[in-house]
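In the two assemblies presented below, chain A is common to both, partnered first by chain B and then by chain C.
Moving on to the complex of A and B:
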């Protein structure tokens, strides 16, 4: 029997990562102070505003991220994602609003608080004429890591990003994907509380992209707060616990993927490939709660249902009782593309 | 401060792997200094020694100061080699290369005829003869100049004796003794040629120092412009996101520039001293001048770089500034000798003060370099004062 879900759903599909995230322990688990307060978000942005001349790049953006949560800012190019995170990490002076990291205000002039943040810029920000290890050690020293600890941590990160065997090669000999991984490794090196990734997979080949996404999934599951910007719907759906849809400098909607899907009031579509008494099966399905519509089509039954995950077992049982043999199941869930289109009237790729 | 040192150490490591630094900091100035030194070095640094044949037939009291004093002194300094001839004819043959001692390669002969001293002492006409070798224009002209100057001094003596005789004929008997004493009395007034022989660097040192300062301005831009390169490469955002103050990034770049400048100058000074024979002067004075010149170069180039928006612009702006200031500062030719506005205008360039300081050091002491060092540090202070706020304002991702 075929079983396919047409959208990534990290709650049901187990992805095995080639990277072993060796005992990642962020600043939260080390500090033992109020940092570990579960109620307090690691990052809270309130009403961020930024204009460049006549252009309003960010217009009242607010969001918060808890420890262990991966929050995605999803929007097309020019939506205000990079400007928002530049203000969130203290890189850019804001015109208005407030940024709190572990409850403390962060400004561009703030220094100590920045140690809690790991930044992975959109452009590959590494020194090509230094080796991978030299790159890591340089940034580690800037974060005031003790030499002995830095040596061990650099080796550990090199393993996490899969560059252990190329540690002493100059970065300009690396492929694009390897450079991207080193770019992420530098952000991770000092074990931050919050990892901010600005479109880290742009221009990356599919294999490297998948490896990068897997390692980010691992980090999120180990207690790190992650802020992830992307214009790839699939990445946001796969990685993010909550997503903020941003366009023209404003967050248009925010929530889990399911919550966002409710906005467009679309149902899941379940395509059941089957043989036998299809009409009897369709009739049985029609009596199940949540089922909106049932159609017998060539070689199977199409079902519109509010939540496929909740109704799937009932659907299969009803068909079994109606002596219908199931040969395959396909689920189409409403995607963020549709949500974005509904909210903004244009496509993510525009 | 620690962050600045970490940034500087990283930058220096990068620069050590960049071949263009070696070209600008060492190879180009060293090579050009060698070429300039050879091309523009006709006499001053060559092994110049004139050979004069001297026929002192007179052997009187007024011949001795010329032979033993003037010519002997030059021989002791190694500038002149003297060949003794017993007669005027022998001396002439030596110059013409037509005698048994033709191998001496004599440039000129100085002949002091018999009774020369007696004639001068009694107010009668006397002559000194110079036989010039037509193949040795410079050396034979030198011989003529020496003898003419000596003759002029004797004119005063002879005039004094004549005047004395006309006033008091009874004391004419003492004339010889008076003339002898007058001839031996040193001149009460001495002229010291400061501008030409003392305060001016020799050709090799001048061109070496000029080119070293010229390329110093290029060398420091490797540090100064790296701020723009960091922004171009995206690494500036990482530096700004790190827990360090903005000024430490600017300071790190300044330390990088300073290190590159000092190391390149040190290598050039040592190399040109040993390879080209450049005479830089008192090491302490030179060190102070080099430190001040490097500081001024960083300040000026940082100010120019701060006006640029991109790394490409930065490279162009700083290159133009380095070339214009280098030419204006007289690094390629001694612009001070041009006179007029140009000679004064050179002091708008730190290069001119650096060369001036080295010249002062060559002709004096470390204390004489104070004006040049003060001017260079003034350049550094003013230009850095303009550059630092501009650069800090430009520190954004």
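Moving on to the complex of A and C:
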């Protein structure tokens, strides 16, 4: 039996690189949020505004991210993602709005709060003529990490990012993917409460990209708040608990992938390749809750259902009871590309 | 501490670029050696002399020329050699006496002497000196020739009488009073002294400005913004980067001072004061480098512009033409030279090395240099903040 889901499918990942997070102990997981209000977001951006001359780059962007949550800003190039996160991490002067980190206001002049944030910029911001270890130690010093702790933590991060065996090699001898991983490692080094990643997989080979995405999934599950910008729909769908769709400096819609899919009122489509009494099987499927439409087609049954994941077992059981043999399952879920097109009238790749 | 971390990283990266060792440590010493050898010796012009005669007039002229402090006399056997040497710049001037010089002087007859010179101030000065020497030397023979002819006695008798008369003559005494400060008399640099001071200033500033590319690269790679995303202020970032440049300039400065002192015997004056000048000038150079690094956004442009500015400011600031020469021949240029920090540092070194001054004497110069450094750093911090947060 073949089984396929037509969106980015985390279950089909078989390669596992050394770039997995073996016990990330971020500030959030260490403290157990004992010093912060459980309901208080780690990052809250309110009505951020920024213009460059006549160009309005960011126009009233607001979002909030809780501990353990991965929030994605999805939009095409030039949508205002990088400008938004530059203001969110206190790098850029705002024309308006407010940024709160753990409830405290953050501005470019603020220094202390920045220790709670780990930034992974879109550009690979590492010294090419320093080794991986030297790069990590250099930034660790800037985060006021004590030397003894920094040594151990740098080694730990080098293992996390899979560069333990290349720790003392200069960064300019690394592949693009390795540099990207070091770029991320620097953001993780001081165990921040909030990790901000600005398109971290741009220009990365598929293998390294997958490894990076795996690690970010792991970080989110271990209590770190993650702000992730991308123009890759698949990454946003795979990683993010909630997604803000941004275009022309404005968040057009926000919610979980499912909530966003509701905007275009599309259902999941399940194609069941089968033999036997297909009409009887279709009749049985039609009685299942959530099924919107059933069609017998050549060599199988097409089903429109609200949530394929929830209904799949019921569908298979119904067909089994109707003595229908299933040879393959294919699921088409409504993707964010369709949502983006619906909201903006143009493609993410435009 | 963060500034030190940034500076340490800066220095580590600098040390890994092997060509830097050549430009920072080897090239300055080579240039000091070359310039000292060519232009050193107190900038004394060289005069070639062909004097085939062996009589008293020739001997007296040669002694007079060799005793003169304004130039150095090199004896040659033939005129062609002297002419070629002047053409090649190996000599500033040449003087060729004819074979019958002694006899002509004795006879009081006309004699033609060839004077060959390159264009420039040196040749005029040499010509005036030789004219004066010849006039002085020709006085007695002329008198003797005149007396011999008029009194109908032998030339030798006439010469003896003329010499006796001249010895007894009281002559005219000129009482000289020097008004103001002398330009030349107070300066007595050794062969490598002035060149070493000039090259010290030139290279410290040049190395710093060329190093501004490092800050531009840090910005271009996004590392400066990343640093600013840590709990680190723009001021700390810039001071750290500047400290790295300052460290390089300081090492280079002290190295040149010690090296030239030991190898070429250069006098730097009071060691503490000299180091203070190097420290202050290093701050000026690193401040200027930080300002350039904050202004430029492309390190490919910053490096050559840095070299151009480094050489240009050094030239105007007295590192290629001595300030006293500017003061003598182009007062406006001398005034303009003092827009450059190099001029103040060079004058401070002159106070130490030539006038045997101490720290108190160079304090005004140090104040001016620190003023330059502060201005550069303040402007650089302002500019970098604008660049990083816009």
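A few points about this structure:
Note that in this section the second predicted complex is superposed on the first by the 328 of 350 C-alpha atoms of A that agree within 3 Å, B and C clash if a C-alpha of one lies under 4 Å from a C-alpha of the other, contacts with A are read in each partner's own complex, and residues count from 1 in each chain.
The rule is short, and it goes like this: contacts are C-beta pairs under 8 Å (C-beta built on N, C-alpha and C of every residue); 3 or more make two chains touch, one makes a residue touch a chain.
Quick caveat: nothing in here was measured; it's all calculated off a predicted structure.
Overlay on chain A: chain B and chain C clash in the combined arrangement. In the superposition on chain A, no contact is made by A:172 with either chain B or chain C. By the touch criterion defined above, A:115 reaches both chain B and chain C. Judged by the touch definition given at the top, the superposed model places A:129 against both chain B and chain C. In the overlay built on the shared chain, the residue A:321 is in contact with neither chain B nor chain C. Applying the stated contact rule after C-alpha superposition, one finds that A:139 touches each of chain B and chain C.
Taking the listed stretches 8-16, 62-70, 98-106 or 170-178 of chain B in turn, the superposition on chain A shows a clash with chain C for 8-16 alone. The interface of chain A with chain B overlaps its interface with chain C at residues 89-92, 108, 111-115, 117, 119, 121, 123-130, 134, 138-139, 141-144, 186. Contacts from chain A toward chain B in the complex involve residues 86, 89-92, 108-109, 111-115, 117, 119, 121, 123-130, 134, 138-139, 141-144, 186.
Considering their complex, residues 2-3, 6-7, 10, 13-14, 17-18, 233-235, 237-245, 396-397 of chain B touch chain A. Listed in rising order, the residues of chain C touching chain A in the complex are 1-2, 5-6, 9, 12-13, 16-17, 221-223, 225-233, 388-390. Against chain C, the residues of chain A that register as touching in their complex are 89-93, 108, 111-115, 117, 119, 121, 123-130, 134, 138-139, 141-144, 186.
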